[in-house]
Amino acid sequence: MKIPINTFIRNNGQIPLIHPDCLCRVVWEIYVLIITITITISAPLRVIFLELDTTLLLVCDTIGMLTYIFDIILKFNTGILQHLEVVTDRRIIARQYIKKYFLWDIIAAIPFTWFFSASGMESANTLFRFFILFRLFKLVSITSTLQRAHRLKFIKPAFARMILLVFWILIAAHLIASGWILIDGPRKEITGIEPTPNSIYLEAYYWTVTTLTTIGYGDITPETSTQFIYTIVVMLIGAALYGFIIGNIANIIANIDVAKSKFRERMENISTFLQYRNMPKSLQNRITKYYDYLWETRRGYEESEILHDLPALLKTEVSLFLNRNIIERVPIFKNASPEFIREIVMNLEPVVYAPGDNIVIYGEQGSEMFFINIGKVEVLNEDASIYYATLTSGQFFGEIALLLSTPRTATVKAKGYCDLYKLEKKTFDSILTRYPDFAKDVEKQAEDNRRKLGLT
Amino acid sequence: MKIPINTFIRNNGQIPLIHPDCLCRVVWEIYVLIITITITISAPLRVIFLELDTTLLLVCDTIGMLTYIFDIILKFNTGILQHLEVVTDRRIIARQYIKKYFLWDIIAAIPFTWFFSASGMESANTLFRFFILFRLFKLVSITSTLQRAHRLKFIKPAFARMILLVFWILIAAHLIASGWILIDGPRKEITGIEPTPNSIYLEAYYWTVTTLTTIGYGDITPETSTQFIYTIVVMLIGAALYGFIIGNIANIIANIDVAKSKFRERMENISTFLQYRNMPKSLQNRITKYYDYLWETRRGYEESEILHDLPALLKTEVSLFLNRNIIERVPIFKNASPEFIREIVMNLEPVVYAPGDNIVIYGEQGSEMFFINIGKVEVLNEDASIYYATLTSGQFFGEIALLLSTPRTATVKAKGYCDLYKLEKKTFDSILTRYPDFAKDVEKQAEDNRRKLGLT
Amino acid sequence: MKIPINTFIRNNGQIPLIHPDCLCRVVWEIYVLIITITITISAPLRVIFLELDTTLLLVCDTIGMLTYIFDIILKFNTGILQHLEVVTDRRIIARQYIKKYFLWDIIAAIPFTWFFSASGMESANTLFRFFILFRLFKLVSITSTLQRAHRLKFIKPAFARMILLVFWILIAAHLIASGWILIDGPRKEITGIEPTPNSIYLEAYYWTVTTLTTIGYGDITPETSTQFIYTIVVMLIGAALYGFIIGNIANIIANIDVAKSKFRERMENISTFLQYRNMPKSLQNRITKYYDYLWETRRGYEESEILHDLPALLKTEVSLFLNRNIIERVPIFKNASPEFIREIVMNLEPVVYAPGDNIVIYGEQGSEMFFINIGKVEVLNEDASIYYATLTSGQFFGEIALLLSTPRTATVKAKGYCDLYKLEKKTFDSILTRYPDFAKDVEKQAEDNRRKLGLT
Amino acid sequence: MKIPINTFIRNNGQIPLIHPDCLCRVVWEIYVLIITITITISAPLRVIFLELDTTLLLVCDTIGMLTYIFDIILKFNTGILQHLEVVTDRRIIARQYIKKYFLWDIIAAIPFTWFFSASGMESANTLFRFFILFRLFKLVSITSTLQRAHRLKFIKPAFARMILLVFWILIAAHLIASGWILIDGPRKEITGIEPTPNSIYLEAYYWTVTTLTTIGYGDITPETSTQFIYTIVVMLIGAALYGFIIGNIANIIANIDVAKSKFRERMENISTFLQYRNMPKSLQNRITKYYDYLWETRRGYEESEILHDLPALLKTEVSLFLNRNIIERVPIFKNASPEFIREIVMNLEPVVYAPGDNIVIYGEQGSEMFFINIGKVEVLNEDASIYYATLTSGQFFGEIALLLSTPRTATVKAKGYCDLYKLEKKTFDSILTRYPDFAKDVEKQAEDNRRKLGLT
C-alpha cells in the first residue's frame, strides 16, 4: 500500500537532503532512541555507583556521543514536514532546528568523559562526574521522534499517548530513585542480604513508586533534613504527576465515548418526550429500535452530512463508487453519458425507512424514483392483498415517475430497515437541461411509455 | 411485551442454527458465566494451596472442561447479530468466532488435569500445576456475554458499566492476591491464629486492596527482592487502575448531567444578558420561571426537533397518536378523509405560551387556529372585562380563521403555561389544494359562515 | 418579592391540603431534618456504648418517633409539585408517597424501644438493641427535603451539590466508625488517657477518615479476620467514594467553565487562522480585543439568539423594556400607536461596531436607521475633516432613510465599541402596510422632508 | 507594540486618578505582593516560635503595615476597568473597593504590634500574639493582583491557573504546618539533631505534605485527642484539595484538546461510514489524508465561518489584507475603484481542492473565476495530454467567465492541496450594477474579448 520513499531529495544541484519519512531515517531515529534510553538509564547509575565506571561503559559513552554528534549533522540535512509537504529550503531547516532542539543536542553531545581523561582528573571522586548527566538533555529532542511515531499512525492515538505517559513516568521514577540513593536515603533491613548496588537501587525505586502512586507504605521514610526536603519535593511532584495521569485517563475515556454519549443524549431526550406524552409502549419500542439501528449501522451520523464535508473530487468518487453500478442498470440511463451519470450520482439523496413504512403508495402522484442500497422492500397491490415481488439491495423502483406524471401502479413497503437513495424528478429534469442529446432520448422513451400505457 | 423467540432458525435443509436471543441460549450463557467465575476463583487457589487439589475439585474441573468444549460447539451453531439482524451464513459465523474468541476458548478447554493423570506425573509438585491457569483464558470470551447483558438493556448502561468495572477489579485483586501468596509475601502476625489457607488468603487480599486503592497502611510490606519487584508492579498497576476507575466515574457523572448542564449553560447566558441590560427583577423572575417550566416538562428540548429526526412512518404515527382525537372533534374536519387528517396532523406546529400571554387578540386579523395540548386558556372580550369561558386540554379555538379573513371575535389568554398546536391558514390551504373534494366542502362551510356573519 | 403562600389549599369541601411551599411546611421539614440528623448520630452510639442508654435518650427517642409518625400523616395531607403546579388529587398524592418513601418512613417510626420495655426484655444485652438502627431509614425520605432546598434556590446548584456530598460523607464516616468500634477494632495506645467512649469514638472516626481519604497512615490496622474483612470492605467503599468525590469536583469545575472554554476555543480557532494567513500583528491585536469586548460584555452570546428562545409575551416585554424609550423619542414615530411601536421594537436587529468602523458613509444610499444602545459615535463630514457632533446611548441617526431614498448626508463613525440597533427600511415598510392610518402620517412626513430637501 | 500609558488620568480639575495599567501601579502591586507573601510566611512562625520576635521583624512588620495603609489610600485613587474601559468616577471606585476588599485591607493594616508596645503588655506570653495573624487577611485583596496578571496575558491562562493553584496550596500547607506545631504535634526522632525551630518546622511541613497528598507514610501520627481532631480536619481538607487539584488538571487537559477531539470525532464518523460502505482502501486513505491536511493547516475550521463572526470593519480589513494584491493584478479590474475592489474582496468564497481535482474542465460552461491563495495548479488541454503552464500562489484563472458565456478553453487541475478563492459571475454582476461607470468599462472589455474570439 505505502509508496516506497526515496532516501534523498534532489535539490537543484545542492547537496541532496534526506527525506524525513524514508526508511533509513526511520531506522536511524529508532537507533538514536534506543541509545538515548540506554544512556538515560545508565548515566545516573554511573554517577551514584562509582564502581560501574568501567571501560565497557566508557566505550558505550563514546558510542553514544558519536551517535549524538552524527545525529546533529543529519538533522541539518533532513527535510522537514510542513502542512504535509516536505520543506527543502536549507535555511528554513537550519533555523527551525536551531530554534527547537539544537542547544539541547549539542550539550548532550559534549565529550565530558574525554575532557576528564585529558585533564588527568579522576572524575569519580569529584563533582565533575555530574557532567555525565548532561547526556540526558538528549531526551528533549527524542520527543520529536516519539511524536512522529504518533503521526505515522503505527498505533491508535489514545494508546500512543498512554505509552508515552508510561515512558516518561518510568524515566522520572528512575531519576527520582537515583536522587534518593545519592542523598543516601534510609534502607529497609532485608534479612540476609548484603546491600549490593542492585538491592539498593531496587529499594530506592520501590520507595519512589510508593511515593509517586501516593500509596506511601511508610516502611522507608526520611531521617535527615536533606531527606525530608527531598521527600517533600518528590511528594509534591508525585501528587501533581498522579493528578496528571488521572486527568489524562479521564480525558481519554471521555474522548472514546464522545459519539456514543452524544447519541445517548439524543435518545434520552426522545425517551423523555415519549414518556411525557404518554406514547403507547409499542410505539416507544419501535422508536427505540429505530435509533438502535441508526447507531449500529452508522454511529448515528448522516451520510449526506459526511459527503457534504468532502471536496469536489473526493465527493464524486465516493458517490460514484457507491452508486454507479446501480444507476447503470436502470434502462432509462442506458444511453446516458458518463458525465450525466456522474451528475445523477451526486444528486441522490439517502433516506432511511423503518420496517412497514410505505415508500410508494398505490394511486399517489409519484415524483421520485428509488434505488435500494441496503435492505428489502415488498411490491404489493392497492390493498396490500396481493404480493408481487421482493426487491433487494442493488435494485430500484418508481423509475416511470421520472418520465411521466402518472399515478403509482403499486404500493412498495419496507420489509426491514432500508437504506434507499431517492432521485427527485425535478433534480433529474434540471440535470437533463444541460444534456440536450440525452434529453431527446429520454423524451422518446417517455413517448414510448405513454403509448404503451395508452395515454396519447 | 417481548415476542417469544424460537430456539432454532430453519436454514434451507441445513442443520438449524440456534437463535442468539432465545431463552435456552441465554440460560446457557449464564451457566457458562457462573462456571467460569467459579473456576477463575478456584484455579489460582489450587495452584497455591496444594491441599485443595481434592477429588471434588477434579470433578469440578472436569465439568468445567466439558462445559467449555460444549460451548465451543454451540458457538459454531449459533447465529450472530449484525446491524440488528441475525446472520445465518455458517461461514460468516465460523470466521467471526475463529477471529475473536476461538483460540482462547480452545486453550481454556484443554484437559490438562487428565494429561497429568495419564502421564503419571504428580502435578502437585511440578511446574505443570500452573497449566491449570490456562482455564482463565475463558474470561476473554465471557466478556461478550457481559456485553450482551448490556445490549439487552436489563439494566441502565452507566450502572452496567460500573458493575463490569467492579467485577473485573475483584477478579484482578484475586489474581494479584494469589500472586502475593505464591511469592510467599510476608504476613502480619495475628495473635492466636494458626496460619490457615483462609487467613493467609484473607491477608493477601487485604494487602492487595490496600495497595490497589493507594491506601497503603504499611503493616504488610515486601521484604525480599522478588517481593519488592512484585510490589512495584502491583503499585503501578494499582495506580493505573485507580486512575481508570476515577476516570470512569468522572465520565459517568459527566454524562448523567449532559442535558442538564447544557440547559444550565443556556440559562446562565440569559441571566448574564438580563443583568447586563438591567432588566427589572420581576421580568427576570418570570423568564427564569419559564425556563424552569421547559426543563421540568421536556428537559429543554423541542418537540419539533425530535419529530424531525424520525423516519416518515414513525413520525406520522407519533403525530397521529398525539393529535388525531383533537382534530377529529373540529366541526370543519367532520367530512375530511383520513389522509387529509394525517397531513394536517403532520403540519401542526407546537408552541408554548407563558401565563398571561395573549394568544389571540380581539379585532386582529387571524391567520391560524389553535389546539390546546396541555394547559388552560381563558376566552375574554375586547378589554378583558367579560369572561366567556375557559378552554382546556383537548379543546381548540380560532378555527374560523382557516375559512374566512375576519377579525378575531374574542381575546384568548393563557392561564398557566400552555402547550398548544398552531395550524396556519396557508398550510391548511396548500393541503386543501390536493384534496379537491374536501375543498368544495370547506368552501361551502365558509359560505355558510359568511352568510351567518352577514358578510355577503 | 416572594408572594406569601397560604398554608391550606381549599379543595371543594374536602379536608384542605397543605401547600408544599408554605412557611409552616418548610419550618416542619427543617425540624424533621434536625431530629433525623440527631437520631442518625446518636442511634449507632447507643448501640455501641450501652451506658449511653439513659432516660434522657429514651425521651429523645420517643420525641423522634412521634415526630416521624406525625410526619407520615402530614405527608398524606400535603400537595405535591408536578411540572411546577400543585397537584391536589389525594389519590395521586398517596400513591406517589407510598411508592417512594412510605415504607422507609413507617419502618423508621416503629416504637421498638417501647416494645422492649413492654416485653420486659433488657434491650441492652440482646441483639434487639440493633433495632434502634431502623430509625436511620428516615434518611431515605429526608433526601427529598434536601433536594427541595436545592429547588428553592437558596444556594447555587454546584455549591448545594458539594454540601450534600459532604453531608453524606460525614454520615457515612460516622456509620463506618461505629462499625469499627462494634467489631472492637484495635486502638492506638495513647499515653495517659483512659479509654473513654469519647476517645474510642474519636480514634475510630480518625481511622475511618484515614481510610476513606486513601491516606492510610497505618498506625491503626486490623488484627483479626473480622477486622480484615471489615477493612477490605471499607477500603473498597472508600476508594469508590473518593473516586466519586473527585469525579464530582471535576464535573463541577468543568461546568463552571463551559461558556468560557467554548469562547476560548473560538478565539483559538481565530488565532490559528490569523497566524496561518500571516495577518499583521496590529490587526491580530484588534481582533483579539474585539473578542475580549464580546466576552466582557456578553459572555460571547448574541442578544438575538437569547430573545429568539423566549415565548411571545416575554420576548415583547424584554424588547419593549430595552427600547421603548429610545423609539418614542424619534420624531417620525410621534403619532404612532403603541401596537406599531411594539412591532417596531420586536424587529430591531442588534449590531456591534468596533472602534473606527464607519456605520454610515457619506453619499451612500441609506436603507436603515440606527439607535445607539451603548457607546458613542461621531458624526463627520464627507472626508472626516469636519466634526459635527457626538451621539451617545439613547440617541439615534439615519432616520431619514426610512422615509426617502436619498444619499447619506454625513459619515457616522464608532468611537469605541458600540452596541446599536438597526431598523431596516423594508421591515419598517412591511409593518407600515398593516397600519394604514399611520402610513398616511408617514407619507405626509416624507413629503414634507422631500419639499425641505427640494426634491419635488 | 504596547502604547505607553500615562500614570495619571486628568479628571476635570479634580485630583487626578492613577491609571490601573500604568507602569508605576504595576510595580507597586508587585511590591505589595512580595511584602504580603513575606508576612504570610513569617507571621505564623512568629506566633509559634516566640524567639523569632526580634527587632528586625518588628521593623519588617512596621514596613508591612505602612505599605498596607498606603495601598488603601492608593486604591481609592486608582481608576478601575469595566468592560475594557477605565471608570473615572470616584464614587464608583470607592463603592466598589469598599464592597470588595476594603474591610480585609483595613484589618490587615491595624498596627497591633504598636498597641502592645503602647499598652505595655508582653505580647509574647499572651493570646494577643495571635492578633499578628490578622495581617494574613491581606491575602484576600492580592487575589485581584494575581487575576490582573492573568488578564494582562503575560502567561497562558491554563499555566497561570496552575501557578495560582500551586501558590495557594503552598500557602495552605504552610498554615497547616504552623497549626501542627502550635498543637505540639509529635516529632519523629532524628538521630543527632537537636530540635531547632528549623527542623521542627521542616518536619511539620513534611507531615502536612504527607497528609495533603494522601500519601500518609505514617511515621508521624497524632497522639492526643486535639491532634486526632486536627488530623481529621486536615485529612478532609487534604482529600478535598487533592480532588480539586485533580479536577483542575483534568479540566485543563480536556480544554487543551477540545478542537482536536472534536476533529477526531468527525474523522471517526467518516471512518465508520467508509468502512460500513466498504469503500476501497486507496479512497479511504485519500480521504483521511485530506482531513489531515485540513487539520494541519487550519485546525479543521472554515475561513468563512471565522470571517462571518467579525464585525464589518474588521471583516473588510482581514479580507482586504488577504486578497487585495491578487485582485488588483487582474486586468479586468484595472480601472475599478477601491470601493468596487473592496466589495469584490468581501464576496470571494474560499474553496479547497484535493490533489488531482479538476477545478475547471475543458468545454464546460464556466460561471466563475478563481484566485490561487496557496498551492499549485496545472493548466492542461482537453485530454490532459498537453501541459500548458503551472500557476501558483497569487495567480488566477478563468477570468473570461466573468465577462462572457463561452466554454472553458483549458482544463485546470490541482497539483497538491489548493486553497483557492472563487468569484461567481452572478456575484460579480450584482456588484457591477451598483457601479455603473465601471460596468461600462467591463462591457467594453467584454466586447473586445468577443471580437477577439470572433463571436460577434
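To keep things simple, chains are lettered A, B, C and D as they appear, and every chain counts its residues starting from 1.
The criterion applied here is as follows: a contact is a pair of C-beta atoms (placed from the backbone, for glycine too) under 8 Å apart; a residue touches a chain by one contact, two chains touch by 3 or more.
No experiment lies behind these values; they were computed from the predicted model shown.
Peer 1: Rounded to a multiple of 5, how large is the rotation, in degrees, that superposes the C-alpha trace of chain A on chain D?
Peer 2: The C-alpha superposition of chain A onto chain D needs 90 degrees.
Peer 1: Could you check if the interface between copies chain B and chain C is built from the same residues on both sides, meaning over half shared, or from different ones?
Peer 2: Different: when the shared numbers are divided by all numbers used, the fraction is under half.
Peer 1: Please compute the C-alpha centroid of chain B, do the same for chain C, then give the distance between them in whole Å.
Peer 2: So the centre of chain B lies 27 Å away from the centre of chain C.
Peer 1: Where the centres are mean C-alpha positions, what is the separation of chain B from chain D, in Å?
Peer 2: Centres of chain B and chain D (C-alpha means) sit 38 Å apart.
Peer 1: Counting only residues that touch at least 2 other chains, which ones in chain B make the list?
Peer 2: 214-218, 242, 246, 250-251, 254, 297
Peer 1: Which part of chain D faces chain C closely enough to touch in the complex?
Peer 2: Those residues of chain D that touch chain C are 1, 83-85, 157, 211, 214-218, 221-225, 228-229, 231-232, 235-236, 238-240, 242-244, 246-248, 250-251, 254-255, 258-259, 297-299, 301, 303, 306, 309-314, 317-318, 321-322.
Peer 1: Can you tell me which positions in chain D touch chain B when the two form their complex?
Peer 2: 214, 216-218, 246, 250
Peer 1: Spell out the part of chain B that touches chain C in their complex, as residue ranges.
Peer 2: 188, 190-191, 193, 198-199, 202-203, 205-206, 209-210, 212-219, 242, 245-246, 249-254, 257, 261, 264-266, 268-270, 272-273, 276-277, 279-283, 285-287, 289-290, 292-293, 296-297, 351-354, 356-358, 416-417
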